[in-house]
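Scrolling down, you'll hit the structures one after another.
In the two complexes that follow, chain A is the common piece, with chain B as its partner first and chain C second.
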Partner chain A sequence: MEALDSLFHGFGVLLTFHNMVLMLIGICLGILVGVLPGLGGPNGVAILLPLTFTMDPTSAIVLLSCIYWGALFGGAITSILFNIPGEAWSVATTFDGYPMAQKGEAAEALTAAFTASFVGSIVAVMLITFLAPWIASFALRFGPPEFFAVYMLTFCSFVGLGKEARHKIVISLTIGFLLAAVGMDTVSGELRMTFGSVELLRGFDFLVAVIGLFGISEILLAMEEHLAFKGQEAKIRFTVVWRTWMTLPRYWMTLLRSSAIGCWLGVTPGGAIAASFMGYNLAKRFSRDGASFGKGKIEGVLAPETAAHAAGTSALLPMLALGIPGSGTAAVLLGGLMVWGLQPGPLLFVEQKDFVWGLIASMYLGNIAGLIIVLATVPLFASVLRVPFATIAPMIIVSCAVGAFAVQNAMFDIWLMLGFGIVGYVFKKIGIPLAPMTLALVLGDKAEDAFRQSMIGLDGGLGIFWSNKLVGTISTLALIMLFWPLIGKAIDMIRGSGRSAPGAASSGSSRP
Partner chain B sequence: MLEKLVSKRAALVAACLSGFTVSSAMAAWEPTKPIEIIVPAGAGGASDQMARMMQAAIQNNKLSPTPIVVTLKGGANGGEGLMDMQASAGDPYKMVISNSAIYTLPLANKLPFDWRKLTPVSILAFDNFVLWVNANAPYNTAQELVEAMKKEPAGAFKLGGTGSKREDHILAAAVERISGVKFSYIPYKSGGEAATQLVGDHIKVNVNNPSENVAVWRAGQVKALCVFDNEPMDYPAKVAGDKSWKDIPTCKSQGIDFQWIMLRGVFLPAGVTPDQVAFYQDMLGKLVETKEFKEYLEKQALKPSDLKGAEMVKFLEQDEALYKDLMTQSGFVAN
Partner chain C sequence: MSDDPNVGVDPALVSTRSVEVVVMALLLGVAVFLGWDNLRIGAGWAPDGPQAGYFPFYLSVLLGGASVVGIVSALRHPDLKDEIFVGRSAFGRVLRVFIPTILFVFLVQVIGLYVASFIFVALFMIVIGKLSPWKSVLTGLIFSALMFYVFDVQFNVLLPKGPLEAAFGF
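So, the complex of A and B:
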């Protein structure tokens, strides 16, 4: 077991007083930036990067990666308590986390989210420990058609498995695609829909949109209801952690499925966000009680959190092994690696054993320490809901504005955030789901690039999406997802031709 | 050549000094608040790496009395950062590290930007372009590649590069004209992506900068055929197996007579005072002597440069004319 030897070597590197202190500092700072909407992992890491220039690379990466783990944990907190995703990949956590908080189960939801994060991360780290070389070569098999097929699968599973009316999902997706197209088009090298404005050159930032669509619109809704406090008084006892844990083993299938999705999507760029949505949608599809998703079901918190964290963790692997960052934070860390004199790439694992295995060991310890710290804060954060909403609302708005500004240091983004807030408010009123729009905004231009890159060259044509086993499987899966309602109906009709209960297609009616 | 440069520099320094004596009552300018390095590119890219290295070298060697902050403004292939600089006239606390986007964006996208509206400070380095193929490819020289391409239908070979109507694309088009072949050009978001796509055999060729491909080269996953410069790179240390950067022959020696290098230069906004420019030239002059900077140059296989002042402006004008000519020939200039 060469990997185990290396791992223990890594623990040896890590277990010094100095590094352990840095680890704890990193996690606490990470939770802090994760809680503030928009500030998030990439900014937290970027702000602290200059402090690490004089450190040795292992201590530096321990500090910075622990900020990352902390931010991953912290992102769930505001999603659950205020329906405001602290991080892009926490959007799916709001679907059931916020309803749970409204039912007075905030502490349960937080515990579930943190535990799920931990499970996802640990599965991904184990994968990195034992399968790193294999995963790196798997990632190399992804060309433009494969990337497009993965994005397609994400979009199709949204349309096919979504709970809202299909036409409303498609409307929301389309608006997202339109917004994603603003700015520089990679394939043609042309500016699109910038109308001569300097502010529009960079296009619409996903985080600014998320803060506005979810955060500001939620405040507007609350104001309309005279700042009535929707969250009931949460009963907070520390035993809640234990009680929630006791219920978790029965969801092992959800945890396992989401971990697998997360690890798989984590090695492709933009993975964590797609993973959280897909984890959620698939959990809903395969749950015995899919119809009650979105009304405060613990599975609806577990599924996206596990997937997002498995993806967020495995996103570090392509950064280390290929030099391709799988997430925003990974991109900032990549810059740091260079400053510390390390060259990411296939040889990093061979030449920088101390660094790589120190980092991997810190993933284990960092996540364990992170879990303990965040679980200890569950009562604290859950009790935030006892503060009158009229007091906390202005603080949320300020925090949203700071977050939106911090993304690009641009005042324009604050106005944009308010604009998105109004759009979000209207959409919530007329029942258009916001999640498809945010998904399309973040993956839309990637999907478009991948599609058009696939079309270039002599083999360009729709056949390229079935040109090998890998891409063919993903593409076919995507189409099955898209037409799932029809397929489900057809299966029911064939089965039900003898029986008397047709219809009620995709709502899981075939329960014994 | 070098001597001529040195004497010109001496003349320039003398001119600056005489300027100083006139206004010697005024103390030399020093920053009193943090200096912002604007990176007109995304996180983790070559410009970002350069900015982080500069930040580290300046802080570790205490070359500036105030801290250095790195700000990424990578929207529209860096257009966002360049427009921000153009709008910051008179602000001596902002410097931008730019590459040839200063020519390509106004030409290809009609971006209302002109580098003449900034203050050129110095060119710190030039980046080379290398012709790379997958390690398992049957050809070992540029000639063999061109011959192999001529046996296939036009466009059968995919060449991947960063963006569209930019350095890589212009270079690919120039190679097509010189060698009489035709690539299918695939634009990716970054050089890193083009590197892994080459390793995964999704494209046949790329023209990445040395730094973008060095990791996969050292791992034995790609082969370097030739470098688009008039002489080989001057780094004789072994990098990939028994190969050094210096071992890569010039493309000129392999029948593709074309030189293509890209500046990595520093600009201040317009309207800054001469003593402010002098501070930055002095700081950057010390920077290029630091251990960090020299290691960085070698690691990224960059060509050192000491162009500044009038020399730099002259170079920029010639370089811009070259870009304009090549981009016009390839039909990349917006009407």
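So, the complex of A and C:
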């Protein structure tokens, strides 16, 4: 019950007028970010990060995490009304959400989506409340080898569980690591890969990379695909909300299943995207009339939204407890922690109680406030999309440039952002995932430090990573994750399978 | 991207396979170059642990290996040859947003961010969006003023400024 006490303490920290206003602003900005093409969770947070440099860390994280919740809510609006997923994790929501809107049930679909998101988040936040302090206190015993093993576990699960081709994930990861290594070596003080350039001396800032990779490239993609927003009308009356809510208890199994999937995939770095597809496919499989999925079935909206939100929220669990983000946006938030002068990792729960519990409390309040705001303001945000793209595009580009510049007050970073924009555009089109790169860029230095600290005085043997039970278990788990596809195949072979898993195969492409 | 209605009428500029092979080859080049640079500063084992180039060197090796796999698998994949990376008119649209963006960044360097973003937003709306001039100019003005208020006045984030701001004493 210690967690509950801390949680109430967190609410105490949170409930100031200043923080509540920031929370509302954050949610509205977040919904906007989620609705607009070219702005998403990660780069929306990255662009606004410079604004928080002068705030105190708790207010800053409340603002930024609320942008994150808002973005999660906002993605559903465009999926359902316009058949255009604002975020990759909303792709599965379009399958049934848009048909529902076409049938004139847009209000029902939106209510279902928002409520499902809310349920998913709350389940995940409860998980964080009770599990994170425990994991953090456990992780206090970790030394450099354990931490390096956990980093390895993170990166190996990316390779092993990712949907993209393995070599492309490896490429993305190694590029991220290499970019992180540019600049001065923290251990020896030597310059690495700077080639005599003064600008490269500072190294690559991951915020600049995120803004370019996700922001600029999305604008280019949106322009190329020539998006035309012809959507359904959106007005939500309270009676419809009430009626929809009354039907929801019937789908408790779907909600529960999707929440569980989401929590699991969010904690392991598979992310919200995979979770939403898996939630949808499983709901379809277990439903009594799975055949009517895709034609506007409310379960088809509930399942992916619950899973995506649960995953998006629980991605913050490893970030808080271990200092390892479970998603791109969590990676940006982690970067924020470092900017505000906090040291991410298990010690956070000991040294920064106000901050951690304020954040966790804001997850509860933020989601409740988010649900109310989003239900009330859907018509407003839907009308944003009717503004011509030629008006929105330059504004987004300017915002990206501001975000990139403000990180270090460097003009060079704006050019770098454009470069990353081209890289992101090409990589997205040839199927190289960007999230692993972001994560490696944030964690690269820490992973390398952990590796080198564990290796001090050793002559290159890797035995240290199996030197005791704890680190050995994590390292072995990492290897299992890395070779998971092979292991999975082997298990199937042993079973002499004629029956391959359906559903898993259809989760295919998630390109928005 | 087969569900894109433009694909049918838009002749291909370049196939996905060619782009993939070129990108992988470039990455291989980068990997060799970086690997060599790290070897130069020492990728071996010093008495106190790994040298500065150790970690990045092996990452370069991994990157190189993965890009070789990428080249081979792109060449062996028959479907990719017919897959359109980008069509002619689609690429035109991409350039129509990218080239103005480059010009905008140049302008930022010369006359500061606020004036540049006014010009960028207004001109983009008029030229690319073919929207009415007075609406565009007004939108640009409001947007720039709002940016100035939020960043400079409210949050004290220093952004590049030029002669106009100086004339007003900021």
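Convention: the second predicted complex is superposed on the first by the 270 of 512 C-alpha atoms of A that agree within 3 Å, B and C clash if a C-alpha of one lies under 4 Å from a C-alpha of the other, contacts with A are read in each partner's own complex, and residues count from 1 in each chain.
Everything below uses one rule, namely that contacts are C-beta pairs under 8 Å (C-beta built on N, C-alpha and C of every residue); 3 or more make two chains touch, one makes a residue touch a chain.
Owing to the predicted nature of the structure, the values given are computational and were not obtained by experimental measurement.
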item: Which of chain B and chain C A:Thr174 touches, first, second, both or neither; value: second
item: Chain B versus chain C as contact partner of A:Pro42, first or second or both or neither; value: first
item: Partner chain(s) touched by A:Ser188 [first = chain B, second = chain C, both, neither]; value: both
item: Touching partner for A:Gly203 - first (chain B), second (chain C), both, neither; value: first
item: Partner chain in contact with A:Thr54 - chain B first, chain C second, else both or neither; value: both
item: Chain B versus chain C as contact partner of A:Leu322, first or second or both or neither; value: first
item: Touching partner for A:Ile456 - first (chain B), second (chain C), both, neither; value: both
item: Which superposed partner A:Gly104 touches (first chain B, second chain C, both, neither); value: neither
item: Contacts of A:Ala406 with chain B and chain C, given as first, second, both or neither; value: second
item: On chain A, positions contacted by chain B and by chain C; value: 50, 53-54, 185, 187-188, 190-191, 409, 456-458
item: Chain B residues within the chain A interface of the complex; value: 42-44, 48-49, 52-53, 55-56, 59-60, 67-68, 70-71, 73-77, 79-80, 83-84, 87, 108-109, 111, 153, 155-156, 158, 163-166, 169, 184-189, 192-193, 195-197, 199-200, 202, 214-216, 218-219, 221, 295, 299, 332
item: In the complex, chain A residues that touch chain C; value: 50-51, 53-54, 165, 167-168, 170-171, 174-175, 177-178, 181, 185, 187-188, 190-193, 195, 216, 219-220, 223-226, 388-391, 393-395, 397-398, 401-402, 405-406, 409, 411, 414-415, 418, 425-427, 429-430, 448, 451-452, 455-460, 511
item: Residues of chain A that touch chain B when the two form their complex; value: 42, 46, 49-50, 53-54, 139-144, 183-191, 194, 198, 201-203, 322-325, 328, 331-332, 334-336, 338-339, 341, 343-348, 408-409, 449, 453, 456-458
item: Residue ranges of chain C touching chain A (in the complex, touch as defined); value: 1, 4, 6, 16, 19-20, 23, 27, 34, 37-38, 41, 45, 48-53, 55-56, 59-60, 62-63, 65-67, 69-70, 73, 85-86, 90-91, 93-94, 96-98, 100-102, 104-105, 108-109, 113, 117, 120-121, 124-125, 128-131, 139, 143, 147, 150-151, 155-160
